[in-house]
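Structure in C-alpha coordinates, see below.
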(Lines give C-alpha, C1' and ligand atoms only; values in the text may rest on other atoms or scores of the structure.)
Protein backbone atom coordinates (compact mmCIF):
# COMPACT_ATOMS: atom_id res chain seq x y z
CA UNK A 1 0.00 0.00 0.00
CA UNK A 2 1.17 3.51 -0.85
CA UNK A 3 0.20 6.10 1.76
CA UNK A 4 -0.33 9.58 0.30
CA UNK A 5 -0.69 12.44 2.76
CA UNK A 6 -1.04 16.20 2.51
CA UNK A 7 -2.79 19.17 4.06
CA UNK A 8 -6.27 20.11 2.85
CA UNK A 9 -5.69 22.72 0.17
CA UNK A 10 -2.31 21.42 -0.98
CA UNK A 11 -3.80 20.02 -4.18
CA UNK A 12 -3.61 16.33 -3.29
CA UNK A 13 -6.78 15.30 -5.18
CA UNK A 14 -5.72 16.75 -8.51
CA UNK A 15 -2.19 15.34 -8.24
CA UNK A 16 -3.60 11.90 -7.47
CA UNK A 17 -6.00 12.20 -10.41
CA UNK A 18 -3.23 13.28 -12.77
CA UNK A 19 -0.79 10.58 -11.69
CA UNK A 20 -3.30 7.71 -11.69
CA UNK A 21 -4.75 8.45 -15.15
CA UNK A 22 -4.58 5.28 -17.22
CA UNK A 23 -3.33 3.15 -14.33
CA UNK A 24 -5.10 0.29 -12.62
CA UNK A 25 -4.59 1.62 -9.10
CA UNK A 26 -7.36 2.11 -6.53
CA UNK A 27 -7.69 4.72 -3.80
CA UNK A 28 -9.02 4.17 -0.29
CA UNK A 29 -9.86 7.31 1.69
CA UNK A 30 -8.98 6.68 5.33
CA UNK A 31 -11.33 9.39 6.63
CA UNK A 32 -14.30 7.98 4.69
CA UNK A 33 -13.73 4.50 6.12
CA UNK A 34 -13.38 5.97 9.61
CA UNK A 35 -16.67 7.89 9.33
CA UNK A 36 -18.50 4.88 7.97
CA UNK A 37 -17.21 2.65 10.80
CA UNK A 38 -18.04 5.35 13.39
CA UNK A 39 -21.58 5.76 12.08
CA UNK A 40 -22.21 2.01 12.25
CA UNK A 41 -21.03 2.07 15.87
CA UNK A 42 -23.04 5.26 16.50
CA UNK A 43 -19.84 6.88 17.81
CA UNK A 44 -19.49 10.04 15.76
CA UNK A 45 -21.28 11.49 12.80
CA UNK A 46 -18.76 13.90 11.33
CA UNK A 47 -15.02 14.53 11.10
CA UNK A 48 -14.97 17.13 13.89
CA UNK A 49 -16.57 14.67 16.31
CA UNK A 50 -14.23 11.92 15.10
CA UNK A 51 -11.02 13.76 15.88
CA UNK A 52 -12.30 14.83 19.29
CA UNK A 53 -12.87 11.32 20.64
CA UNK A 54 -11.24 10.36 23.96
CA UNK A 55 -8.05 8.40 23.41
CA UNK A 56 -9.43 4.92 24.20
CA UNK A 57 -12.41 5.30 21.88
CA UNK A 58 -10.11 6.82 19.28
CA UNK A 59 -7.78 3.82 19.41
CA UNK A 60 -10.71 1.36 19.35
CA UNK A 61 -12.09 3.10 16.29
CA UNK A 62 -8.69 3.13 14.57
CA UNK A 63 -8.39 -0.62 15.17
CA UNK A 64 -11.82 -1.13 13.62
CA UNK A 65 -10.80 0.96 10.60
CA UNK A 66 -7.60 -1.04 10.19
CA UNK A 67 -9.64 -4.26 10.35
CA UNK A 68 -11.62 -2.96 7.33
CA UNK A 69 -8.50 -2.30 5.27
CA UNK A 70 -7.12 -5.06 3.11
CA UNK A 71 -3.44 -5.57 2.39
CA UNK A 72 -4.07 -5.32 -1.36
CA UNK A 73 -1.43 -4.42 -3.93
CA UNK A 74 -1.74 -1.34 -6.14
CA UNK A 75 -3.78 0.58 -3.58
CA UNK A 76 -3.29 4.13 -2.37
CA UNK A 77 -4.36 5.10 1.14
CA UNK A 78 -5.39 8.77 1.01
CA UNK A 79 -4.96 10.26 4.48
CA UNK A 80 -3.26 12.83 6.71
CA UNK A 81 0.03 12.70 8.61
CA UNK A 82 -1.50 14.56 11.55
CA UNK A 83 -4.98 15.98 12.09
CA UNK A 84 -5.57 19.36 13.68
CA UNK A 85 -7.77 19.36 16.76
CA UNK A 86 -9.01 22.90 17.36
CA UNK A 87 -7.58 25.11 18.79
CA UNK A 88 -4.13 23.80 19.63
CA UNK A 89 -4.04 20.00 19.36
CA UNK A 90 -2.98 17.30 16.93
CA UNK A 91 -3.65 13.61 16.57
CA UNK A 92 -1.54 11.28 14.44
CA UNK A 93 -3.25 10.26 11.20
CA UNK A 94 -2.09 6.66 11.29
CA UNK A 95 -2.06 4.14 14.09
CA UNK A 96 0.57 1.57 15.14
CA UNK A 97 -1.94 -1.24 14.49
CA UNK A 98 -2.00 -0.29 10.79
CA UNK A 99 1.70 -1.01 10.42
CA UNK A 100 1.25 -4.50 11.82
CA UNK A 101 -1.45 -5.43 9.34
CA UNK A 102 -0.55 -3.59 6.14
CA UNK A 103 2.71 -3.56 4.19
CA UNK A 104 3.55 0.07 3.51
CA UNK A 105 5.41 0.25 0.19
CA UNK A 106 6.15 3.96 0.54
CA UNK A 107 4.94 7.11 2.27
CA UNK A 108 4.35 10.26 0.22
CA UNK A 109 3.78 13.74 1.57
CA UNK A 110 2.43 16.33 -0.88
CA UNK A 111 3.73 19.66 0.36
CA UNK A 112 3.59 23.32 -0.73
CA UNK A 113 4.73 26.65 0.71
CA UNK A 114 2.37 27.69 3.55
CA UNK A 115 1.31 30.95 1.87
CA UNK A 116 0.28 29.06 -1.27
CA UNK A 117 -1.75 26.54 0.76
CA UNK A 118 -3.43 29.41 2.63
CA UNK A 119 -4.45 31.04 -0.67
CA UNK A 120 -5.76 27.81 -2.21
CA UNK A 121 -7.84 27.04 0.88
CA UNK A 122 -9.58 30.40 0.44
CA UNK A 123 -9.97 30.10 -3.32
CA UNK A 124 -11.62 26.68 -3.47
CA UNK A 125 -15.38 27.38 -3.80
CA UNK A 126 -16.36 23.68 -3.58
CA UNK A 127 -15.26 23.16 0.02
CA UNK A 128 -15.64 25.11 3.23
CA UNK A 129 -12.34 25.10 5.04
CA UNK A 130 -11.46 27.09 8.15
CA UNK A 131 -9.09 30.01 7.49
CA UNK A 132 -5.54 29.25 8.61
CA UNK A 133 -2.61 31.62 8.79
CA UNK A 134 0.68 30.74 7.10
CA UNK A 135 2.20 30.47 10.61
CA UNK A 136 -0.41 27.92 11.66
CA UNK A 137 0.10 25.98 8.42
CA UNK A 138 3.87 26.05 9.02
CA UNK A 139 3.32 24.29 12.35
CA UNK A 140 1.08 21.61 10.84
CA UNK A 141 3.54 21.01 8.00
CA UNK A 142 6.43 20.71 10.48
CA UNK A 143 4.54 18.18 12.61
CA UNK A 144 3.43 16.31 9.49
CA UNK A 145 7.02 15.97 8.30
CA UNK A 146 8.34 14.77 11.65
CA UNK A 147 5.41 12.35 11.97
CA UNK A 148 6.09 10.94 8.50
CA UNK A 149 9.71 10.27 9.45
CA UNK A 150 8.34 8.36 12.46
CA UNK A 151 6.08 6.23 10.24
CA UNK A 152 9.10 5.59 8.01
CA UNK A 153 11.51 4.71 10.82
CA UNK A 154 9.04 2.34 12.45
CA UNK A 155 8.14 0.50 9.22
CA UNK A 156 11.34 0.78 7.18
CA UNK A 157 9.30 2.18 4.28
CA UNK A 158 10.84 4.98 2.20
CA UNK A 159 9.19 8.39 2.36
CA UNK A 160 8.93 11.01 -0.35
CA UNK A 161 8.23 14.72 -0.13
CA UNK A 162 6.68 16.15 -3.31
CA UNK A 163 6.33 19.93 -3.51
CA UNK A 164 3.29 21.14 -5.46
CA UNK A 165 4.36 24.64 -6.49
CA UNK A 166 1.89 27.18 -7.91
CA UNK A 167 1.54 26.74 -11.65
CA UNK A 168 3.85 23.70 -11.69
CA UNK A 169 1.51 20.88 -10.67
CA UNK A 170 2.73 18.90 -13.69
CA UNK A 171 6.08 18.46 -11.94
CA UNK A 172 4.37 17.15 -8.81
CA UNK A 173 2.25 14.77 -10.91
CA UNK A 174 5.39 13.54 -12.66
CA UNK A 175 7.11 12.91 -9.30
CA UNK A 176 4.19 10.76 -8.15
CA UNK A 177 4.20 8.92 -11.49
CA UNK A 178 7.91 8.18 -10.98
CA UNK A 179 7.16 6.66 -7.57
CA UNK A 180 4.33 4.54 -9.03
CA UNK A 181 6.69 3.44 -11.82
CA UNK A 182 9.36 2.49 -9.27
CA UNK A 183 6.74 0.22 -7.66
CA UNK A 184 5.74 -1.11 -11.13
CA UNK A 185 2.15 -0.01 -10.53
CA UNK A 186 0.80 0.35 -14.05
CA UNK B 1 -2.91 10.39 32.56
CA UNK B 2 -2.16 13.79 31.09
CA UNK B 3 1.55 14.36 30.40
CA UNK B 4 2.58 18.02 30.70
CA UNK B 5 6.06 18.93 29.45
CA UNK B 6 8.03 22.14 29.06
CA UNK B 7 11.51 23.59 29.39
CA UNK B 8 12.64 24.89 32.79
CA UNK B 9 11.84 28.61 32.72
CA UNK B 10 8.84 28.35 30.40
CA UNK B 11 6.43 28.96 33.26
CA UNK B 12 5.01 25.44 33.54
CA UNK B 13 4.48 25.52 37.33
CA UNK B 14 2.38 28.69 37.35
CA UNK B 15 0.29 27.55 34.39
CA UNK B 16 -0.38 24.21 36.08
CA UNK B 17 -1.29 26.03 39.31
CA UNK B 18 -3.64 28.40 37.49
CA UNK B 19 -5.36 25.70 35.46
CA UNK B 20 -5.80 23.23 38.33
CA UNK B 21 -7.28 25.74 40.81
CA UNK B 22 -10.55 24.36 42.12
CA UNK B 23 -10.14 21.00 40.34
CA UNK B 24 -9.67 17.58 41.89
CA UNK B 25 -6.61 16.69 39.80
CA UNK B 26 -3.29 15.49 41.21
CA UNK B 27 0.23 16.04 39.91
CA UNK B 28 3.05 13.51 39.87
CA UNK B 29 6.53 14.91 39.21
CA UNK B 30 8.45 12.33 37.15
CA UNK B 31 11.87 13.68 38.20
CA UNK B 32 10.99 13.51 41.91
CA UNK B 33 9.91 9.87 41.59
CA UNK B 34 13.09 9.08 39.64
CA UNK B 35 15.34 10.65 42.28
CA UNK B 36 13.53 8.88 45.11
CA UNK B 37 13.85 5.50 43.33
CA UNK B 38 17.51 6.17 42.50
CA UNK B 39 18.33 7.08 46.11
CA UNK B 40 16.71 3.88 47.41
CA UNK B 41 18.85 1.93 44.96
CA UNK B 42 21.89 4.05 45.83
CA UNK B 43 22.31 4.80 42.14
CA UNK B 44 22.38 8.57 41.91
CA UNK B 45 21.83 11.38 44.34
CA UNK B 46 20.92 14.31 42.13
CA UNK B 47 19.46 15.16 38.71
CA UNK B 48 22.84 15.68 37.05
CA UNK B 49 23.97 12.20 38.10
CA UNK B 50 20.61 10.77 37.02
CA UNK B 51 20.77 11.99 33.45
CA UNK B 52 24.37 10.85 33.07
CA UNK B 53 23.73 7.16 33.82
CA UNK B 54 24.92 4.55 31.30
CA UNK B 55 22.06 3.44 29.06
CA UNK B 56 21.39 0.07 30.73
CA UNK B 57 21.22 1.55 34.22
CA UNK B 58 19.13 4.40 32.82
CA UNK B 59 16.59 1.97 31.33
CA UNK B 60 16.51 -0.14 34.50
CA UNK B 61 15.84 2.97 36.54
CA UNK B 62 13.12 4.13 34.13
CA UNK B 63 11.42 0.75 34.43
CA UNK B 64 11.52 1.06 38.23
CA UNK B 65 10.01 4.54 38.01
CA UNK B 66 7.25 3.30 35.71
CA UNK B 67 6.53 0.48 38.18
CA UNK B 68 5.90 3.17 40.82
CA UNK B 69 3.41 5.06 38.68
CA UNK B 70 -0.25 4.12 38.86
CA UNK B 71 -2.64 4.29 35.92
CA UNK B 72 -4.95 6.60 37.88
CA UNK B 73 -7.49 8.96 36.30
CA UNK B 74 -7.30 12.72 36.74
CA UNK B 75 -3.54 12.72 37.19
CA UNK B 76 -0.98 14.96 35.54
CA UNK B 77 2.55 13.70 34.94
CA UNK B 78 4.87 16.71 35.13
CA UNK B 79 8.01 15.94 33.12
CA UNK B 80 10.24 16.87 30.16
CA UNK B 81 10.10 15.83 26.52
CA UNK B 82 13.90 15.59 26.37
CA UNK B 83 16.56 16.28 29.00
CA UNK B 84 19.78 18.09 28.20
CA UNK B 85 22.97 16.25 28.99
CA UNK B 86 25.83 18.74 29.13
CA UNK B 87 27.41 19.81 26.84
CA UNK B 88 25.82 18.39 23.68
CA UNK B 89 23.58 15.45 24.54
CA UNK B 90 19.91 14.67 25.06
CA UNK B 91 17.97 11.82 26.60
CA UNK B 92 14.26 11.24 26.00
CA UNK B 93 12.11 12.20 29.00
CA UNK B 94 9.75 9.25 28.69
CA UNK B 95 10.43 5.58 28.14
CA UNK B 96 8.67 3.00 25.92
CA UNK B 97 7.79 0.95 29.02
CA UNK B 98 5.66 3.85 30.29
CA UNK B 99 3.38 3.66 27.26
CA UNK B 100 2.72 -0.02 27.87
CA UNK B 101 1.61 0.51 31.46
CA UNK B 102 -0.11 3.88 31.48
CA UNK B 103 -2.93 5.20 29.29
CA UNK B 104 -1.85 8.61 28.02
CA UNK B 105 -4.99 10.74 27.57
CA UNK B 106 -3.07 13.58 25.99
CA UNK B 107 0.39 15.13 25.72
CA UNK B 108 0.84 18.85 26.37
CA UNK B 109 3.95 20.91 25.62
CA UNK B 110 4.13 24.35 27.21
CA UNK B 111 6.24 26.43 24.86
CA UNK B 112 7.46 30.04 24.61
CA UNK B 113 9.79 32.00 22.33
CA UNK B 114 13.43 31.11 23.14
CA UNK B 115 14.43 34.69 24.04
CA UNK B 116 11.59 34.88 26.58
CA UNK B 117 12.59 31.55 28.15
CA UNK B 118 16.21 32.74 28.33
CA UNK B 119 15.15 35.93 30.16
CA UNK B 120 12.88 34.09 32.63
CA UNK B 121 15.62 31.60 33.47
CA UNK B 122 17.85 34.51 34.47
CA UNK B 123 15.14 36.44 36.33
CA UNK B 124 13.95 33.64 38.61
CA UNK B 125 15.74 34.21 41.96
CA UNK B 126 14.34 31.03 43.57
CA UNK B 127 16.19 28.58 41.33
CA UNK B 128 19.71 28.30 40.01
CA UNK B 129 19.58 27.41 36.34
CA UNK B 130 22.50 27.30 33.92
CA UNK B 131 22.53 30.19 31.43
CA UNK B 132 21.39 29.10 27.99
CA UNK B 133 21.50 31.08 24.77
CA UNK B 134 18.36 31.48 22.65
CA UNK B 135 20.11 29.33 20.00
CA UNK B 136 20.64 26.51 22.51
CA UNK B 137 17.03 26.79 23.68
CA UNK B 138 15.87 26.70 20.04
CA UNK B 139 17.58 23.34 19.64
CA UNK B 140 16.02 21.89 22.81
CA UNK B 141 12.57 23.15 21.80
CA UNK B 142 12.95 21.63 18.34
CA UNK B 143 13.96 18.23 19.75
CA UNK B 144 11.18 18.45 22.34
CA UNK B 145 8.57 19.02 19.65
CA UNK B 146 9.79 16.19 17.44
CA UNK B 147 10.00 13.88 20.47
CA UNK B 148 6.43 14.74 21.48
CA UNK B 149 5.19 13.84 18.02
CA UNK B 150 6.96 10.48 18.50
CA UNK B 151 5.19 9.90 21.83
CA UNK B 152 1.92 10.80 20.12
CA UNK B 153 2.44 8.59 17.05
CA UNK B 154 3.44 5.60 19.18
CA UNK B 155 0.51 5.90 21.62
CA UNK B 156 -2.21 7.46 19.47
CA UNK B 157 -2.68 10.17 22.11
CA UNK B 158 -3.37 13.71 20.93
CA UNK B 159 -0.71 16.33 21.59
CA UNK B 160 -1.16 20.01 22.29
CA UNK B 161 1.28 22.89 22.06
CA UNK B 162 0.42 25.80 24.36
CA UNK B 163 2.44 29.00 23.94
CA UNK B 164 3.00 30.96 27.15
CA UNK B 165 3.67 34.47 25.84
CA UNK B 166 5.08 37.21 28.07
CA UNK B 167 2.29 38.99 29.91
CA UNK B 168 -0.36 36.64 28.49
CA UNK B 169 -0.12 33.64 30.81
CA UNK B 170 -3.90 33.81 31.29
CA UNK B 171 -4.32 32.62 27.70
CA UNK B 172 -2.00 29.66 28.34
CA UNK B 173 -3.89 28.82 31.55
CA UNK B 174 -7.19 28.97 29.65
CA UNK B 175 -5.83 26.61 26.96
CA UNK B 176 -4.87 24.06 29.60
CA UNK B 177 -8.28 24.47 31.26
CA UNK B 178 -9.92 23.75 27.90
CA UNK B 179 -7.94 20.52 27.60
CA UNK B 180 -8.90 19.48 31.15
CA UNK B 181 -12.54 20.30 30.34
CA UNK B 182 -12.37 18.20 27.17
CA UNK B 183 -11.26 15.29 29.38
CA UNK B 184 -14.04 16.13 31.89
CA UNK B 185 -11.45 16.50 34.67
CA UNK B 186 -13.22 18.74 37.17
CA UNK C 1 27.55 0.10 20.50
CA UNK C 2 27.96 3.77 19.66
CA UNK C 3 26.15 4.80 16.48
CA UNK C 4 27.87 7.68 14.65
CA UNK C 5 25.93 9.30 11.81
CA UNK C 6 26.50 12.25 9.50
CA UNK C 7 25.99 13.42 5.93
CA UNK C 8 28.65 12.60 3.34
CA UNK C 9 30.93 15.64 3.29
CA UNK C 10 30.42 16.61 6.92
CA UNK C 11 33.88 15.38 7.89
CA UNK C 12 32.84 12.25 9.78
CA UNK C 13 35.85 10.14 8.79
CA UNK C 14 38.47 12.61 10.00
CA UNK C 15 36.62 13.26 13.26
CA UNK C 16 36.37 9.53 13.92
CA UNK C 17 40.08 9.14 13.12
CA UNK C 18 41.05 12.01 15.43
CA UNK C 19 38.88 10.87 18.31
CA UNK C 20 39.85 7.19 18.15
CA UNK C 21 43.63 7.77 17.99
CA UNK C 22 45.26 5.72 20.73
CA UNK C 23 42.00 4.01 21.75
CA UNK C 24 41.11 0.37 21.46
CA UNK C 25 37.79 0.95 19.71
CA UNK C 26 36.70 -0.69 16.45
CA UNK C 27 34.52 0.68 13.66
CA UNK C 28 31.92 -1.22 11.67
CA UNK C 29 30.67 0.47 8.51
CA UNK C 30 26.97 -0.37 8.11
CA UNK C 31 26.96 0.30 4.36
CA UNK C 32 29.96 -2.00 3.78
CA UNK C 33 28.25 -4.86 5.64
CA UNK C 34 25.04 -4.24 3.70
CA UNK C 35 26.81 -4.35 0.33
CA UNK C 36 28.70 -7.50 1.26
CA UNK C 37 25.47 -9.25 2.37
CA UNK C 38 23.64 -8.05 -0.75
CA UNK C 39 26.39 -9.32 -3.06
CA UNK C 40 26.32 -12.76 -1.42
CA UNK C 41 22.56 -12.85 -1.98
CA UNK C 42 23.02 -11.48 -5.51
CA UNK C 43 20.53 -8.73 -4.63
CA UNK C 44 22.35 -5.51 -5.41
CA UNK C 45 25.84 -4.62 -6.44
CA UNK C 46 26.20 -1.00 -5.40
CA UNK C 47 24.80 1.56 -2.95
CA UNK C 48 22.40 3.12 -5.47
CA UNK C 49 20.80 -0.27 -6.17
CA UNK C 50 20.74 -1.01 -2.42
CA UNK C 51 18.73 2.04 -1.45
CA UNK C 52 16.26 1.49 -4.30
CA UNK C 53 15.12 -1.98 -3.21
CA UNK C 54 11.38 -2.63 -2.75
CA UNK C 55 10.40 -2.40 0.90
CA UNK C 56 10.13 -6.15 1.59
CA UNK C 57 13.53 -6.94 0.08
CA UNK C 58 14.94 -3.91 1.88
CA UNK C 59 13.67 -5.16 5.25
CA UNK C 60 14.89 -8.71 4.56
CA UNK C 61 18.33 -7.35 3.73
CA UNK C 62 18.39 -5.14 6.83
CA UNK C 63 17.54 -8.16 8.97
CA UNK C 64 20.41 -10.08 7.36
CA UNK C 65 22.78 -7.18 8.05
CA UNK C 66 21.64 -7.01 11.69
CA UNK C 67 22.25 -10.78 11.99
CA UNK C 68 25.89 -10.11 10.96
CA UNK C 69 26.41 -7.44 13.63
CA UNK C 70 27.64 -8.50 17.02
CA UNK C 71 26.65 -6.81 20.27
CA UNK C 72 30.30 -6.14 21.10
CA UNK C 73 31.50 -3.43 23.49
CA UNK C 74 33.75 -0.60 22.35
CA UNK C 75 32.43 -0.67 18.79
CA UNK C 76 31.30 2.23 16.64
CA UNK C 77 28.66 1.70 13.98
CA UNK C 78 29.39 4.19 11.17
CA UNK C 79 26.16 4.87 9.31
CA UNK C 80 23.52 7.41 8.22
CA UNK C 81 20.37 8.63 9.95
CA UNK C 82 18.49 8.69 6.66
CA UNK C 83 19.59 7.89 3.12
CA UNK C 84 18.59 9.99 0.13
CA UNK C 85 16.77 8.17 -2.64
CA UNK C 86 16.94 10.26 -5.79
CA UNK C 87 15.17 12.51 -6.56
CA UNK C 88 12.82 13.10 -3.62
CA UNK C 89 12.85 10.08 -1.30
CA UNK C 90 14.44 8.98 1.95
CA UNK C 91 14.88 5.68 3.71
CA UNK C 92 15.75 5.36 7.39
CA UNK C 93 19.37 4.32 7.98
CA UNK C 94 18.61 1.96 10.85
CA UNK C 95 15.96 -0.68 11.24
CA UNK C 96 13.74 -1.61 14.22
CA UNK C 97 15.30 -5.11 14.25
CA UNK C 98 18.70 -3.55 15.08
CA UNK C 99 17.40 -2.09 18.31
CA UNK C 100 16.16 -5.50 19.46
CA UNK C 101 19.53 -7.15 18.98
CA UNK C 102 22.09 -4.49 19.80
CA UNK C 103 22.43 -2.30 22.89
CA UNK C 104 22.83 1.27 21.68
CA UNK C 105 25.01 3.13 24.21
CA UNK C 106 24.54 6.46 22.48
CA UNK C 107 23.67 8.04 19.13
CA UNK C 108 25.92 10.74 17.69
CA UNK C 109 25.11 13.01 14.76
CA UNK C 110 28.02 14.94 13.24
CA UNK C 111 26.50 18.09 11.80
CA UNK C 112 27.71 21.26 10.03
CA UNK C 113 26.06 24.26 8.38
CA UNK C 114 24.60 23.25 5.00
CA UNK C 115 26.71 25.72 3.00
CA UNK C 116 29.92 24.30 4.54
CA UNK C 117 28.85 20.72 3.74
CA UNK C 118 28.04 21.78 0.15
CA UNK C 119 31.53 23.29 -0.25
CA UNK C 120 33.34 20.28 1.23
CA UNK C 121 31.44 17.88 -1.02
CA UNK C 122 32.73 19.81 -4.03
CA UNK C 123 36.27 20.20 -2.71
CA UNK C 124 36.98 16.55 -1.90
CA UNK C 125 38.97 15.21 -4.90
CA UNK C 126 39.04 11.61 -3.58
CA UNK C 127 35.29 10.98 -3.87
CA UNK C 128 32.65 11.67 -6.47
CA UNK C 129 29.56 13.00 -4.77
CA UNK C 130 26.47 14.41 -6.45
CA UNK C 131 26.17 18.20 -6.15
CA UNK C 132 23.59 19.22 -3.58
CA UNK C 133 22.25 22.69 -2.87
CA UNK C 134 22.29 24.09 0.66
CA UNK C 135 18.46 23.91 0.57
CA UNK C 136 18.55 20.20 -0.27
CA UNK C 137 21.14 19.58 2.47
CA UNK C 138 18.94 21.53 4.92
CA UNK C 139 16.13 19.07 4.27
CA UNK C 140 18.33 16.01 4.75
CA UNK C 141 19.77 17.45 7.97
CA UNK C 142 16.29 18.20 9.28
CA UNK C 143 15.07 14.66 8.56
CA UNK C 144 18.28 13.21 10.02
CA UNK C 145 17.76 15.10 13.27
CA UNK C 146 14.11 14.09 13.63
CA UNK C 147 14.98 10.49 12.77
CA UNK C 148 17.74 10.43 15.40
CA UNK C 149 15.29 11.61 18.04
CA UNK C 150 13.08 8.67 16.99
CA UNK C 151 15.96 6.20 17.42
CA UNK C 152 16.62 7.76 20.82
CA UNK C 153 12.99 7.73 22.00
CA UNK C 154 12.51 4.12 20.94
CA UNK C 155 15.71 2.83 22.57
CA UNK C 156 16.17 5.21 25.50
CA UNK C 157 19.74 5.87 24.35
CA UNK C 158 21.07 9.43 24.66
CA UNK C 159 21.78 11.33 21.45
CA UNK C 160 24.45 13.92 20.79
CA UNK C 161 24.75 16.54 18.07
CA UNK C 162 28.34 17.57 17.35
CA UNK C 163 28.87 20.53 15.01
CA UNK C 164 31.99 20.33 12.86
CA UNK C 165 32.63 23.99 12.02
CA UNK C 166 35.08 25.05 9.31
CA UNK C 167 38.59 25.31 10.75
CA UNK C 168 37.48 24.06 14.17
CA UNK C 169 37.44 20.30 13.71
CA UNK C 170 39.53 19.98 16.88
CA UNK C 171 36.48 21.02 18.88
CA UNK C 172 34.35 18.37 17.20
CA UNK C 173 37.05 15.74 17.83
CA UNK C 174 37.19 16.80 21.49
CA UNK C 175 33.39 16.46 21.80
CA UNK C 176 33.53 12.90 20.48
CA UNK C 177 36.45 12.12 22.82
CA UNK C 178 34.33 13.38 25.74
CA UNK C 179 31.53 11.00 24.76
CA UNK C 180 33.98 8.08 24.49
CA UNK C 181 35.42 9.03 27.89
CA UNK C 182 31.91 9.13 29.41
CA UNK C 183 31.50 5.52 28.19
CA UNK C 184 35.00 4.65 29.55
CA UNK C 185 36.06 3.51 26.07
CA UNK C 186 39.85 3.85 26.23
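A few notes on this one:
Note that the chains are named A, B and C in the order they appear, and that numbering of residues resets to 1 at the start of each chain.
Here, contacts are C-beta pairs under 8 Å (C-beta built on N, C-alpha and C of every residue); 3 or more make two chains touch, one makes a residue touch a chain.
Note that the structure is predicted; figures quoted are calculated from it, not measured.
In terms of inter-chain touching, the protein chains here all touch one another pairwise. In summary, the pair subunit A and subunit B forms a contact in which the copies contribute largely different residue numbers, shared numbers making up under half of all those used. Separating the CA-averaged centres of subunit A and subunit B is a span of 30 Å. Counting partner chains per residue, subunit C has residues 146, 150, 154 touching two or more of them.
Across the complex, subunit B meets subunit A through its residues 103-106, 145-146, 149-150, 152-162, 175, 178-179, 182-183. If you check the complex, the residues on subunit B that touch subunit C are 52, 54-56, 58-59, 62, 82, 85, 87-92, 94-96, 139, 142-143, 146-147, 150-151, 154.
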